[in-house]
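Input: structures, listed below.
Below, chain A partners chain B and then partners chain C, in two separate complexes.
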Partner chain A sequence: MNSLFIICVDDQPEVLNALEQDLKLFDEKFNVEVCDSAAEAIELMDEIDQHGDYAAVVITDQVMPELTGVDLLSKITGDERFHDTQKILLTGLATHEDTIQAINTGGIDHYIEKPWSKEEITNIIKKCLTQFILTKGIEYQSYMEYLDQDTLYKSLKTNT
Partner chain B sequence: MSLFDLNIDQEAIVSKYFSKPEHEIALKKGDILLNQNEINEKLFYIKKGKLSGYLPDKKISEPVFEASSNSFVGVYSFFSKDNKSYSRVVADEDSMVNYFDGNPFALPDKDSNELLAFLFKIVIMELRSRQHFAGQMAYEHEATLHKLIQTEKLATLGQMSAGLAHELNNTIGSLDGNLRQFEEDISNHINNDEIEIVKKYYRIGLAEGLKTTSAEARKARNQWEKVKGLDKRLIKRLAKSGIDPKDLPKDVEQLEKIASFWNVGHLLHDMKVATEQSAHVISSIKQMGISTQSWSKDVDINKTLKDALAIVRSLTNKVDLKVNYHEGITSIEACSGELVQVWINLIKNAVESLINHKVDRPTVVVSTRETEDSVLMVVEDNGIGIPVDIIEKIYEPSFTTKVRGLSLGLGLGLTIVQRIVDEHQGTINLTSKPGKTKFVIALRK
Partner chain C sequence: MKFFKLVACVLLPLLILLIPTEIIPLSGITEIEKRVIAIFIFAALSWVLEPIPIYTTSLTIILLELVLLSNKALTFLKFEGEDYGKSIPYIDILHTFASPIIILFLGGFFLAMAATKYRLDQNLARVLLSPFGSSPKAVMFGVMLITAIFSMFMSNTATTAMMLSILTPVLALCKPDDKGKIGLLLSVPVAANIGGIGTPIGTPPNAVALKYLTGDDVISFGQWMSFAVPYVAVLLIIGWFILIFLYPIRTEQIKLDIKGQFLKNTKAYVVYATFIVTILLWLTDFIHGMNAYIVAMIPVTVFSISGIINKKDLQNISWDVLWLVSGGIALGLALDVTGLADRLISSISFENFPPLVIITAAALIAALMANFMSNTATANLLLPLIAVVGTTVASLTDLGGSQMVIIVTTIACSMGMALPISTPPNALAFGTGIITTKDMAKPGIVIATIGLLLSFALVAIMFLTGFFK
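Entry: the complex of A and B
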């Protein structure tokens, strides 16, 4: 079975660590990976794709040296291979312009403000995973406990 | 033919039409030549002195025009339909004027042409000079307003930050205290109850924190995957710790414990670093607010530089530092603690920007100098320079070009510098180009 990856990107190791800790529950069925730069995330996504696995969700900080979160998300949006990858911007400091850019060129699916709560982030990741699995047509039964019932229900309703 | 090509001799005109002895008026400084709305049928030539026009009805204290010797006043009312003076004309200094009060159209043709041509030229010149004056006034007004808004912004910010700093100080203080106790208790337990190897990795975690990067940790997983019986979660944790698998027992239960206590150690470490950083940020915010330090009449800026250099030694070690003291510099009235702060902030900025941009042969030159009326604090670096488009913004709080945002402070350094220099009624002069950025702060003697 192909693995699904959740990729977290932040230049501050403390934040990355906290994020990894909060997403631990997903590590049973999925792979939670952390990257301290956008470049590293891009490299990792290449690897994932080469293995025939899925980059299901990318959750990134905005303010980072070199490539910003929006830069990263724009690159992903422009890449055919990651067309369905769900994109989340996680940030404590975003200007109005950043936000506009995030929506228009980054094509973000969700926006989370720092500091986040474990519950909030868990729910959003669940929604994103559900969306990804349904779009890709992956057999969802085995992921049931990690999926967002609402999203699932709505999708099933429109498809039948 | 342009009007200005006409060879009109002003001297000749003045001596012909503006020199009757009975038309001569001597004005003392403050004397009013014309009142607003007064009927005026004279054209005044200023032989000497200076006059200004005011608009008392508009309650504007600034003049609307200034006229000095060899120029004319009353031009508007002389030519206008109702002959009313639109402004009040006052002598700025002791002045001498002479006037013409005839009807230029009623003179013989030759004289009339000559005088009218001359007056036409005067009118045009008047228009131009008043236009220029109005523009100048608008510009000055704009500049004053801009400065006022800046000052107000800083003052508001100061009050807000003082309140904020006070509140946060208490919470951080309590976090810091609790964390210390927490660490002590945990350390005691581990030291008493655990085996040597567990203690060892707890201590390493506590002392060093997280040292591996995310990429390194991912790589290290390969090695751990070879060890039998470890699950995915444990492998991730062990790989993150940076411990070499060869150094550890192969017993899963023990590995589980080691990973867990290393994690506790590194989390404690990170929390301590985070509290320290918060305390640092708060202290910068406090300094931005109202100053509490005392002033003295004989502050030696050489000494403030020495004090500052002692504090930032660990930073300046990373660059080539050159120090020039102006020997026997004049003492000034100042707040020495704050001047130390100015040096520190400027030097820190210079060093951090050199390091962050990996500048070749990074050099910082600090000097004290003295001019006729001021003493100067000078900090220079050979960094990449400040781009023109952000030079205006660098004193604004939170505006930072530092590479790693929060971890290097809040970007308040230059805001604090500006606040202190303003308090000393000094000036900051900044010149910047690639390879040379120079801050010169002048404080009056």
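Entry: the complex of A and C
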């Protein structure tokens, strides 16, 4: 079975640690990976694609040296291989300009403000995973406990 | 794990293909019949173990039949002589993809899609639920009634998804330690599973059953509803009692909030009218002479012409469900045409068993299998054999023959509802995380047991009232 990846990007190790901790419950069925730069994330996604696996969700910080979070998300949006990848911006320091860019060129699906709560981030990731799994036509039954029920119902309602 | 399952599903049938026919303890068995046994075993194993999605098993059955059994089979696998047996015209095998049964289901899909798209389902649910007020028990009965009615025309899964999306926000408002929440939540899958029995298009096993009700045994859409709807009604009320007995509700008030109003535009009116006309035509074939399969083409055509169902919507059709049924029909075809079903059934001396034992065994096996695998796959495997039992066993033919055993077995296929894996509606309810497997198994087993007994009572009444000619 192809694996699904949740990719966390931040230049601060302590933030990545905290994220990893909060996303532990996804470890069993998904691969939670951390990257300390946008470049590393792009490299990882390339590798995932090569293996025929899925980059399901990317959560990135905005303020990072070299490529910013929005830069990373814009690159992903422009890449047809990752058309369905769900994009989350996790930041405490986004300017008005960044936010506009995140929506217009980054194509973000969710915006999470720092500091986040575990419950909030879990729910948002569940929603994103559900959306990704349904769009890709992956058998959703085996991921049941990680799915957002509402998103699932909406999709199943319109299927025959 | 998956790999070992796949190996088992391939090796055992392969072994049967390779052994000489003489070893098989069925006198006079031909090469072709032996290949049918191998395909049947492959189908049974892979539908039970599910190393591949169940509809792909159906596709494999069809390919194997074309390659191994058809008149255009691989040349070097064919030989002259009586030992070879009767091959199947390849065109008949391919026809299973567009069997009238499939078209009937397609008609049902179009009705369901149009209803959802024009929010007929949501609006009907709102109107039909309002008389049930806010007393939890009454609301629960209302939810069950509507779920059951909808699942007669929509897929059980889509109905469950819709009703759960209405119900789950309310459950969050219940007192946290209220056991009644479990009952309320379970009422949806229970009603969806039961409701599917109500019409030939309610759930795929019913459609598979129609395939084996041919010739003198034909049952029309209306005739099916004439016995199945009362059955559903009685079992639904029993199910409601069992759920409120097992999980008494302590929350005093429940208010379901369904927003919206009936759409009032031309397309919406076309949807309403087509819906009503199609169902009326289905029920009145004895007047106009068009059978259910022909009528099913009406919604398909009308909704396509009017753009109510467009090319994008066509992609939402569950081809997997249709193909799953096709594979079942192809399997039945092979069992029938090659003569294996007759040979198999006549080799077991069913005459020695009392008819009640045969019926009970068929129902129990079907219900048990349906708990652990797809209801449709259960019907695909059992009904072709059961149909032959119904026609060949003399003691059964007096009691209603094929019609009777097929009805009992088909209903039993819908009684697999004790586990989260039993049906997609169960899986959805379980997915909410509010209930445990045990919570689901208790009412599931009780309702299924009563349902089986009730199906015996149903065919007894049908026998006494002269339904079986």
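Criterion: the second predicted complex is superposed on the first by the 160 of 160 C-alpha atoms of A that agree within 3 Å, B and C clash if a C-alpha of one lies under 4 Å from a C-alpha of the other, contacts with A are read in each partner's own complex, and residues count from 1 in each chain.
The rule is simple: a contact is a pair of C-beta atoms (placed from the backbone, for glycine too) under 8 Å apart; a residue touches a chain by one contact, two chains touch by 3 or more.
Model, not experiment: these values are computed from the prediction.
Undergrad: In the superposition on chain A, see if there is space for chain B and chain C together, and answer fit or clash.
TA: fit
Undergrad: Who does A:V63 touch here: chain B (first), chain C (second), both, or neither?
TA: In the superposition, A:V63 contacts chain B only.
Undergrad: A:I103 contacts which: chain B (first), chain C (second), both, neither?
TA: Once the two structures are laid over each other on A, A:I103 reaches no partner at all.
Undergrad: Tell me the contact category for A:K154 with respect to chain B and chain C: first, second, both or neither.
TA: In the superposition, A:K154 touches chain C alone.
Undergrad: Quick check on the superposed pair: does A:C35 touch chain B, chain C, both, or neither? Answer first, second, both or neither.
TA: After superposing on A, A:C35 lies in contact with chain B but is clear of chain C.
Undergrad: Would you check which partner chain A:D27 touches, where first means chain B only, second means chain C only, and both and neither mean what they say?
TA: It touches chain B, and chain C stays clear.
Undergrad: Once the shared chain is lined up, is A:P13 touching chain B (first), chain C (second), both, or neither of them?
TA: A:P13 sits against chain B, while chain C stays out of touch.
Undergrad: Thinking of the overlay built on chain A, is A:E139 touched by chain B (first), by chain C (second), by both, or by neither?
TA: Once the two structures are laid over each other on A, A:E139 reaches chain C alone.
Undergrad: With chain A as the corner point, what is the angle to chain B and chain C based on their C-alpha centres after superposing, as a multiple of 10 degrees?
TA: After superposition on chain A, the angle is 160 degrees.
Undergrad: Aligned on chain A, what is the least Cα gap between chain B and chain C? Give it in whole Å.
TA: 17
Undergrad: Following superposition on chain A, which residues of chain A contact chain B and also contact chain C?
TA: Common to the two interfaces on chain A: nothing.
Undergrad: For a test of understanding, state which residues of chain A touch chain B in their complex under the given definition.
TA: So the residues of chain A in touch with chain B come to 11-14, 16-17, 24, 27, 33-36, 40, 44, 63, 65, 93.
Undergrad: Can you tell me which positions in chain A touch chain C when the two form their complex?
TA: Per the touch definition, chain A meets chain C at residues 1, 139, 141, 144-145, 147, 149-150, 152-160.
Undergrad: Where on chain C is chain A touching in the complex?
TA: 2, 53, 108-109, 112-113, 116-117, 154-155, 157-158, 160-162, 164-165, 168, 316-318, 321, 424, 427-428, 430-433
Undergrad: Across the complex, what residues on chain B touch chain A?
TA: The touching residues are 210, 213-215, 217-218, 232-233, 236, 267, 270, 273-274, 403-407.
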